[in-house]
Amino acid sequence: MEIMIDLLLNIGSGILLILGGFFCVSGGVGLLRFPDFYTRMHAAGVTDTLGAGLILVGLMLQSTHLIVLLKLILVLLFALLTGPAASHALAKAAMHGNLKPLLYRDKSTR
Amino acid sequence: MLTHLPILQVIVPLMAAPICLMLRPVRLVWLFALIASAMVFLISVALLQQVVQSGTIIYEIGGWSAPWGIEYRIDLLNAYLLLIISAISTVILLSTHTSIQSELAAERHTFFYVAYLLCLAGLLGIAATGDLFNVFVFLEISALSSYALIALGNNRRALWASYQYLIMGTIGATFILIGIGLMYVMTGTLNMYDLSQRLPEVSDSRTVFTAFAFFIVGVCLKLALFPLHMWLPNAYAYAPSAVTALLAATATKVAVYILIRFIFSVFGVEFSFSHFPLQDIFLVLSLAGILIASTTAIFQQNVKRILAYSSVAQVGYMILGFSIGNPAGLMATLLHLFNHALMKGALFLAVGAVMYRVGGVQLSDFAGLGKRMPWTMAAIVIGGLSLIGVPLTVGFVSKWYLVAAVLERGWWPVAVFILVGSLLAVIYIWRIVEAAYFQLPAPGNAEVREAPLSLLIPTWMLVVANIYFGLDTRLTVGISESIAKMLFGVEP
Amino acid sequence: MLFTALAIARVKDLFAAVMLMGIYSLLTASLFVVMHAVDVAFTEAVVGAGISTLLMLKALALTGPHQNNSSYRSMLALVVVLISGALLIYGTWDIPPFASASAPIHQHVAPHYIQNSMQETGVRNVVTAILASYRGFDTFGELVVVFTASVGVMGLLAVTHPHDKYHDGDAAAMQQHLILRIVVKMLIPLILIFALYVQFHGDYGPGGGFQAGVIFASAIILYSMVFGSHAAQQVVNRTVIQILAALGVLIYGSVGIVSLLMGRNFLDYSALLPDPVDGQHLGILLVELGVGITVAAAMIIIFFSFSDRVVSEEVSPE
Amino acid sequence: MILGTYNYWVVIALMMIGLFVVIAHGNLLKKVIGLSILQTSVFILYISMSYISGGTAPILEHGVELYSNPLPHVLILTAIVVGIATTALALALVIRIKETYGTIEEQEIQARDLHEC
Amino acid sequence: MLIGVAAAILIVMMLALIRAFIGPTLYDRILAVNMFGTKTVLLIAVLGFLTARPDFLDIALAYALINFISIIGVLRFFEYNRPNFTDGNHD
């Protein structure tokens, strides 16, 4: 039974880790390839929340000590709190600084 | 309590500094700092006595024995240096209460004393410790506090000077750190004594060579050895006078000490002079330093700058002394450490008195002061004579031994260079004297009075010391002779 | 990492350089983790990427981001750099091989710490044991360096005009950042708890007084950035911090003096309690506390001194 | 990551870059940045020395025998602190210089000083 | 598994680094720096598991915190200094 649980946990964490890794990479590619700041921000946001979240949950499944689990939860909490807040502030600052989002019809001008 | 003297030496000013920050009013802070410094002085006298009587004192901090913990290893050289630093600092502190009134904004006075004590503690720490990395840490304490002290001056150029000093000083410190790291990599120890035991095994490796080179360059940056002296004239010229006096009289001495300690104790005479072209390099640099700095001093208009360049030249004499490579030369260096501290301390304090009364230290500000401030000017004259090396002053003693050491080696040309350096000193001192005694007072100077006693007494204490130690050379010569013998391996 | 450094050297915009400096510092810290220097990585992260970036930004805000002539003493610089570089290359030619356990550095002093620190000090983290006990005096010196810096900064940037004259532009601008304010409000207690955890967990894991102090200070700094430095200074009074900064140094020093009075050497914590190992443990704890207090206070002082300048600059027409 | 015998080469390169920035650049703030690159390079030098392959972080665990050398870690902790202290002081100086001179370019400052003489 | 994730994170860090170098606007740089920071947090966490020393999580936590604070610091910096300089694209 315990072996089963272990196996399940391992598989689960593996899947989560891989997914998280994938989101991270895709976000990174997006950060590089997307045409303007706001879309890039979206890509970064994805890695920050989804990628980080998945990886951290994946790690949680592997953790053996309670304290480690606790810390991981704390890190996750932190990531979830600060990531969007930072993105929000950044977007606001960008708008404030008169950086116009690149809308669909503007594409020709770039 | 007597066994704890080595550590108390450093701890007293170190602990006094934060307490000072909490004290009000400024007068109390000053008194407190003065008491701390005086205590340090007494401790250092006691230490010197102990060392003379019973040999090297070892103090293990934290109770951990040597290569694992940090130890203080006080031998005659350390004790001698501690005495110089604490004595000069106490005398200068006597005068600061008056002198900083005119040179610092009132709300900065407390910070001044705190930084002063920290600087003192840092210098003492370097002089006392037997651990490499501890040297670095205390070097930084003294360096950071002296940057702050310099920048506290009212003149905006003080800021720029301090910034330059900071950049150069930090590069120097980083080089020292690299040197320490490479030594550590080769030997696995940070304790100086342990290091000196283990270095000979690996002394052929290039890493040790590099470590040595970096360390020396780093220290020379701090020392303001020509041509790495660029930061010094500005820093000395625009810092508050008390700070200039402290730095000129003690900080460069400590750097010279580190150099001596490393070249003679840690690496050993043999390595320093045979594996490394140190002798030639130092000889050339110090001679060039003496001549060029003295010549530059002649063309300065600001008296503090004149004296600052003269300091660069004097550092040249000290380096020259031990690069001769015989005990007599090292002895001359050690004598000059002490003597130069006395004369530069006296000179800068006297200049500080002029600053206090006149408000400027350009040569034109000195015009006619011989009559207005007779005691201050007399102090400058005697200090100047000492700087030149006229008999009956301390300057003569150290020059005498230096020339003797050079002649012992049979290096006639070097002796000639030393004499030329003294002649140049005559010229730049003469310019000050001429302004003070043979020019009519500037219109603004007509009303200038003699400096207050609180400035004159410390100045004259040093001036009298200048003459006393010029006449009675038993103490200084005796000590430096035994140090020189010790370092040259007559005894380990 | 090299690229980052190169980019920093080349970028003309100082702001970009500061940002890259942050990245560079993070990279360094990761490198330290890879090389097993966790405590150092911790410190480098909080100091290099955190405090020093913030301070540089503050300085930048005061001095303007543009740089005129990029380099004018290139030749001299190049010569100096090449000489010292060549010397180092020469020096590392026969340096003991990297990462091998048999190099002299790993033979002489270091094994003693690893083998004996547990029995002698009762602390699992060897770095903490050395830091606070074996080489406690270095750490004392380091603390004094921080204290010196804060005194120097205070001395240099002491604001002469009274505080309440200026209107707090920070707070006004941040009024609109509702989300940020709420998030920060939630975060600050968390950060403070974390700081305490780091402070007292240094015996067992990476961390200790220094890191805790910086984290604590960063909580206050965060508060002041979001709610305005005026509000922050009402929470933490200036004179109080000044006294705290001095107090930390005094705590450290008096631990040493107490052990001195108990008849042992300075900073010999074994004297503090009947059982030497307990004494060591207690001593390390107290000393780390002193470090934490001074570092936190000093960082806050430095930051406030900087940000007060920003505000006073805005008010006084330049 | 960057682990191998060429670790020291990275240190040397970083040191050279840092030193170059400090000496060659006229902007005072940039000099401070250069200074911290220089210092960081030394940190890496020390930490590289302490590394032992196959070892682990010097926090004692049961059953682990090989640890990296903790002493350089301690030294560098101290050095980092010294570094930040220096940086803070340098920045304070830069701010004051900007306030009194109105510029932070080395050449301009020197020009202004000369002008004053 | 963990190695793969670590590699992925490293790649992302590289990408972010490139973005930070090329800009073009300052906001892009900040964004990249922010992302770089969060990825470092993840990397440290993963590395902790990789070397079986999960104590490293403390560091990850500290990184997350520092990262957030510096981003806020940067943003505060901007709101004031926007009028003073117009474009960050000087490379």
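All chains are identified by letter, namely A, B, C, D and E, in their written order; residue positions are counted from 1 within each chain.
Methods note: a contact is a pair of C-beta atoms (placed from the backbone, for glycine too) under 8 Å apart; a residue touches a chain by one contact, two chains touch by 3 or more.
As the structure is a computational prediction, the values presented were derived from the model and not from experiment.
> Enumerate, in label order, the chains that touch chain A and chain E alike.
In this structure, the chains that contact chain E and also chain A are C.
> If you take the chains that touch chain B and keep only those that also touch chain E, what is left?
C, D
> Can you name the chain that lies farthest from chain B, using the mean of each chain's Cα atoms as its centre?
A
> Which chain pair is joined by more contacting C-beta pairs, B-D or B-C?
More contacting C-beta pairs are found at B-C.
> Report the chain whose CA-based centre is farthest from the CA-based centre of chain D.
A
> Round to the nearest whole Å and give the separation of the Cα centres of chain A and chain C.
Inter-chain centre distance comes to 29 Å.
> Roughly how far is chain C from chain E, going centre to centre by Cα mean, in whole Å?
20
> Using mean CA coordinates as chain centres, what's the gap between chain A and chain B in Å?
Using C-alpha averages as centres, the distance is 58 Å.
> On chain E, where are the residues touching two or more other chains?
Within chain E, residues 30, 53, 55-56, 58, 61, 65, 67-68, 72, 79 contact more than one other chain.
> At least two partner chains per residue is the criterion; list those residues in chain C.
As it turns out, chain C has residues touching two or more other chains at 30, 34, 38, 58, 60, 64, 84, 88, 92, 95, 103, 105-106, 109-110, 113, 135, 138, 141-142, 145, 148-149, 152, 156, 180, 184, 187, 194, 204-206.
> Which chain A residues touch at least two other chains?
74, 78, 82, 85, 89
> Hey, which chains are touching each other here?
A-C, A-E, B-C, B-D, C-D, C-E, D-E
> What residues on chain D touch chain C, complex-wise?
On the chain D side, the touching residues are 1-5, 7-21, 23-30, 32-34, 36-37, 40, 43-44, 47-60, 66-78, 80-89, 91-96, 98-99, 104-105, 107.
> Which bits of chain A are touching chain C when the two form their complex?
It is residues 74, 77-78, 81-82, 85, 88-89, 92 of chain A that touch chain C.
> If you look only at chain C, which of its residues touch chain B in the complex?
Residue list for chain C touching chain B: 84, 87-88, 90-96, 103-110, 112-113, 133-138, 140-142, 144-145, 147-149, 151-152, 154-156, 158, 160, 242-243, 245-247, 249-250, 253-254, 256-257, 260, 264-270.
> Which of the residues in chain E end up touching chain C in this complex?
Touch residues, chain E against chain C: 17, 20-21, 23, 26, 29-30, 33, 36-37, 40, 43-44, 47, 53, 55-56, 58-59, 61-63, 65-70, 72-74, 76-77, 79-81, 84-85, 88, 90-91.
> Can you list the residues on chain D that touch chain B in the complex?
These residues of chain D touch chain B: 15, 19, 22, 28, 31, 35, 38-39, 42, 45-46, 49, 71-72, 75, 78-79, 82, 85-86, 89-90, 93-94, 96-97, 100-101, 109, 113.
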